[in-house]
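Structure in structure tokens, see below.
In this document, chain identifiers A, B, C and D correspond to the written order of the chains, with residue numbering beginning at 1 in each.
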Amino acid sequence: MTTKNTAILLISCPDQKGLVAAIADFLYQHNANILHADQHQDAELKLFLMRVEWDLAGFDLDLNDFEQEFAVTATRFQMQWRLARSAYRPKLAIFVSRYDHCLADLLYRYQTGELNCDIPLILSNHTDTQWLAEAYQVPFQHIAVNREDKADAEKTQLALLRHHHVDFIVLARYMQVLSADFIRHYPNRIVNIHHSFLPAFHGARPYHRAFERGVKLIGATSHYVTEVLDDGPIIEQDVARISHRDSLDDLIRRGADLEKIVLSRAVRWHIENRVLLYANKTVVFD
Amino acid sequence: MTTKNTAILLISCPDQKGLVAAIADFLYQHNANILHADQHQDAELKLFLMRVEWDLAGFDLDLNDFEQEFAVTATRFQMQWRLARSAYRPKLAIFVSRYDHCLADLLYRYQTGELNCDIPLILSNHTDTQWLAEAYQVPFQHIAVNREDKADAEKTQLALLRHHHVDFIVLARYMQVLSADFIRHYPNRIVNIHHSFLPAFHGARPYHRAFERGVKLIGATSHYVTEVLDDGPIIEQDVARISHRDSLDDLIRRGADLEKIVLSRAVRWHIENRVLLYANKTVVFD
Amino acid sequence: MTTKNTAILLISCPDQKGLVAAIADFLYQHNANILHADQHQDAELKLFLMRVEWDLAGFDLDLNDFEQEFAVTATRFQMQWRLARSAYRPKLAIFVSRYDHCLADLLYRYQTGELNCDIPLILSNHTDTQWLAEAYQVPFQHIAVNREDKADAEKTQLALLRHHHVDFIVLARYMQVLSADFIRHYPNRIVNIHHSFLPAFHGARPYHRAFERGVKLIGATSHYVTEVLDDGPIIEQDVARISHRDSLDDLIRRGADLEKIVLSRAVRWHIENRVLLYANKTVVFD
Amino acid sequence: MTTKNTAILLISCPDQKGLVAAIADFLYQHNANILHADQHQDAELKLFLMRVEWDLAGFDLDLNDFEQEFAVTATRFQMQWRLARSAYRPKLAIFVSRYDHCLADLLYRYQTGELNCDIPLILSNHTDTQWLAEAYQVPFQHIAVNREDKADAEKTQLALLRHHHVDFIVLARYMQVLSADFIRHYPNRIVNIHHSFLPAFHGARPYHRAFERGVKLIGATSHYVTEVLDDGPIIEQDVARISHRDSLDDLIRRGADLEKIVLSRAVRWHIENRVLLYANKTVVFD
């Protein structure tokens, strides 16, 4: 996989006539070779969202000057916007407890280049997954978390994250609830996998409850973490059909496959700057 | 579609050695030509469930004598059991309000013979769907339901159901909540379609809430009606993928297709005696 | 369902810098309130495809003058383009033989307004489905087709289609192969449903062959008809899981549900001008 | 995961009255505690297939004597049958070339105990995957295969397989076609993954051809290898939806996830003795 050298512009603003013309003109004036453009208009909220990606070869504006140059357009249309470069590999920290299927899956995809990021750190409240970290040569830190010293553990975690300049966090079946204070350090930058089709079975032991309820499909949901448990914006979900022949263990086993797929999609989309947020929802320009 | 002339035996009992041998022996002694047999054992609850269907051609036991002959075996294994004949067409009453997609779908499947039942009655609190009833030549009764006279309306409904010897009821997007008293007249014989992936979005306006929550899949659930709203044993569920490009109207439109499919499967399975109940769940021997 | 009063512009041309800017500028100059815009770039073929839909309220260019005004832009970028109005209801002729499930489904969706078209004509080589046409008050014409008089039958069909100003044709399980000559009258305007996951099981009796091959999923494919049988551009496909418990009759029954869903999606997308063609493929801007 | 101590009896024979009674009686006479039983009757071929699994605790027949004791019943009903023990871990050899996603997935599932087998050998015509073999501590053998020395290479492979008492082989994206002679050594014991929805796109480069054909879903198929390429009995298939937004690279990436899931299911079912063969099809008692 060769690294692309592209810029990605993400825009969110009130919908208004002339928006697309203004953005397209700006890019054309600077000789941008647009590779992908996707936009969405929310008719009810009168909101406009856009993702546009262009080749930096031939683009005649230094990206360091982009903000200043784009400011007139951005202000005129009250844009919230962000510029990203595909060449920048965001720094990901993975939090994990004992279940290792999502970790193993992410590491494999990282190793093959499917996930275009760096992983400077795996943090765990257990040591069970250390062997995997070592197999993929990723630094591993064990930080025990107990009820009484949770605040201290989070302090240590935050220090490590800062030290490694971590851009975003993935909770790969991390079984501890993060404090609101911790979450505020990484707003919309903590991606979780929940092992149910949210909002069904939020909270603890979703497979057990799905089994008891007798549902005919199980699900997995990847979402950004907010202060309300399992309530953040959903990035991706998927389901698998089950039947009475499936025991609780079968649900857990089959769910693990769902979790891996759903989480890895969400992580890839986050890395590739494909996720925009509004109204506690996501737009995924995939 | 030619009508099969088969008998179907449905059994539920504590799991025990010798069960299958006893049942198989009994049928073999009477020269049964078994066409399908399916069984399930719930390891946790130590429960055994079975559905066996055999050709009545050559079977040397009069079905009127079946109960008496089978009693020894049934008692020995503490069976709850039921015998059904495929030649009997159960009598179905459909309740409907204004949305007619499920009704239209059921009537079409009834007309083609896919649903091996009689429909002596469509009951509605509106007259919007009367034209469909007429097109398929099914009797239609309009019974208005208002908050204050609901009990009276239910009395009228129950009288009509008794008059037509109705075996089971399908709520094809019937927008009134039935009283506990009404439900007790048709225990596990009222099939509902709920327009969400239960237990998510139980209650009112599920598509609106799904849209607001930003889920990536919508669902539909068919279940038996119990006194607790949207809480009865689930017969069938399915989902469809949506994206930010789908408006609320798109969700409603696409959900309608899900509802039709899910409800029609549940109704067919009920008619074909494929659904067994235990622990507020279903086993579907499809 | 209220009719939208929008214009839809469909563009296909070599990819080039400044394209989007030019189109967006043109629309902005005429005060277009863009409701949806979607574009696709085929990197390999260096092709650009776009669908843009805007509200005609406030648009200050008479659509009758659109072609002339847009010509400069269109020529500059070598565009193939087409303008459609959402207020125009295209005229659909449905061809059907004996299987009526797709016909019944289309008629129901037509009656509810989901399909924003007129249906001046149902053509059949049998009379089995006449009752359905009558129930939905759609004109029905029986034209027998035999091996020896097929050319004559097609002449009669073509005359009827012309007489009713038919815009496009749907083959709703029409069991006759149309001649190349017939097809040339309606290029990319004949939508077929094939009862397999193409290119698997193209040609006759796909369910039988799927059953014999022991596949674990069955499918349905809707495509534009070209001179090569079952080889035209695919508009939509879907599949359903089957198992050894499903007989050939089960496959046919379950496939019928797939066929209805797949065909109705394709027909709706065609009507809503969401399908663009290139390289024997479709882009569906849904 | 604790190892179960069960016996599994797999039966295939002409359908006949008294079959189930005879089998159930036999097991009951020896005090078998049946855990799962599943059966299938092919109405057309008049064939009966059964899988029954029972706890060996309390079973009063030594499994070494099973054949002799069961012979009377087996002969009476012309059974083809096989007895397996869940405690026996079959020996699996994995063949792989350069693509490592299926290998990595199988090794992870092997390591967690999901695949209840031993893997004495990974055979590859390349050395790219050696690091994975080492990470999971599985012996790896590199055997180069060239057009001219293929027969020699196969001889070496067969010698290694014999040496390790290999029970079955998985081709985890092994890019060499095995000779008919090789296949005859492991009839119905070589499991392949093909990266298309067979029978569509059998042979080489299926993703390229799927991309060119413009299909709306891609698939993967796991099947037993027979002398005719990609034509053996299908064990499992699955598909994923794609759109015009997916490039060929996206198809390959997304297909890899399908391949892993489909192959791992097939391998698990094979290991757990859940697959029966008849008429070039499989029955999977899952």
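Brief remarks on what is shown
In this section, a contact is a pair of C-beta atoms (placed from the backbone, for glycine too) under 8 Å apart; a residue touches a chain by one contact, two chains touch by 3 or more.
Quick caveat: nothing in here was measured; it's all calculated off a predicted structure.
For chain A, the chain with the farthest CA centroid is B.
For the two copies, chain B and chain C, the CA superposition rotation is 180 degrees, given to the nearest 5. Chain B and chain D, compared by their mean Cα positions, are separated by 37 Å. Centres computed as Cα averages put chain A at a distance of 41 Å from chain B. Residues of chain A found to touch two or more other chains are 43, 245. Put simply, chain A touches chain B in their complex at residues 40, 43, 197-201, 212-217, 219, 233-234, 236-239, 243-245, 247, 279-284. Contacts from chain D toward chain B in the complex involve residues 17-18, 20-21, 24-25, 27-28, 31-39, 41, 43, 241. Of all residues in chain C, those touching chain B in their complex are 100-101, 104, 108, 112, 114, 135, 245, 253, 257, 261, 286.
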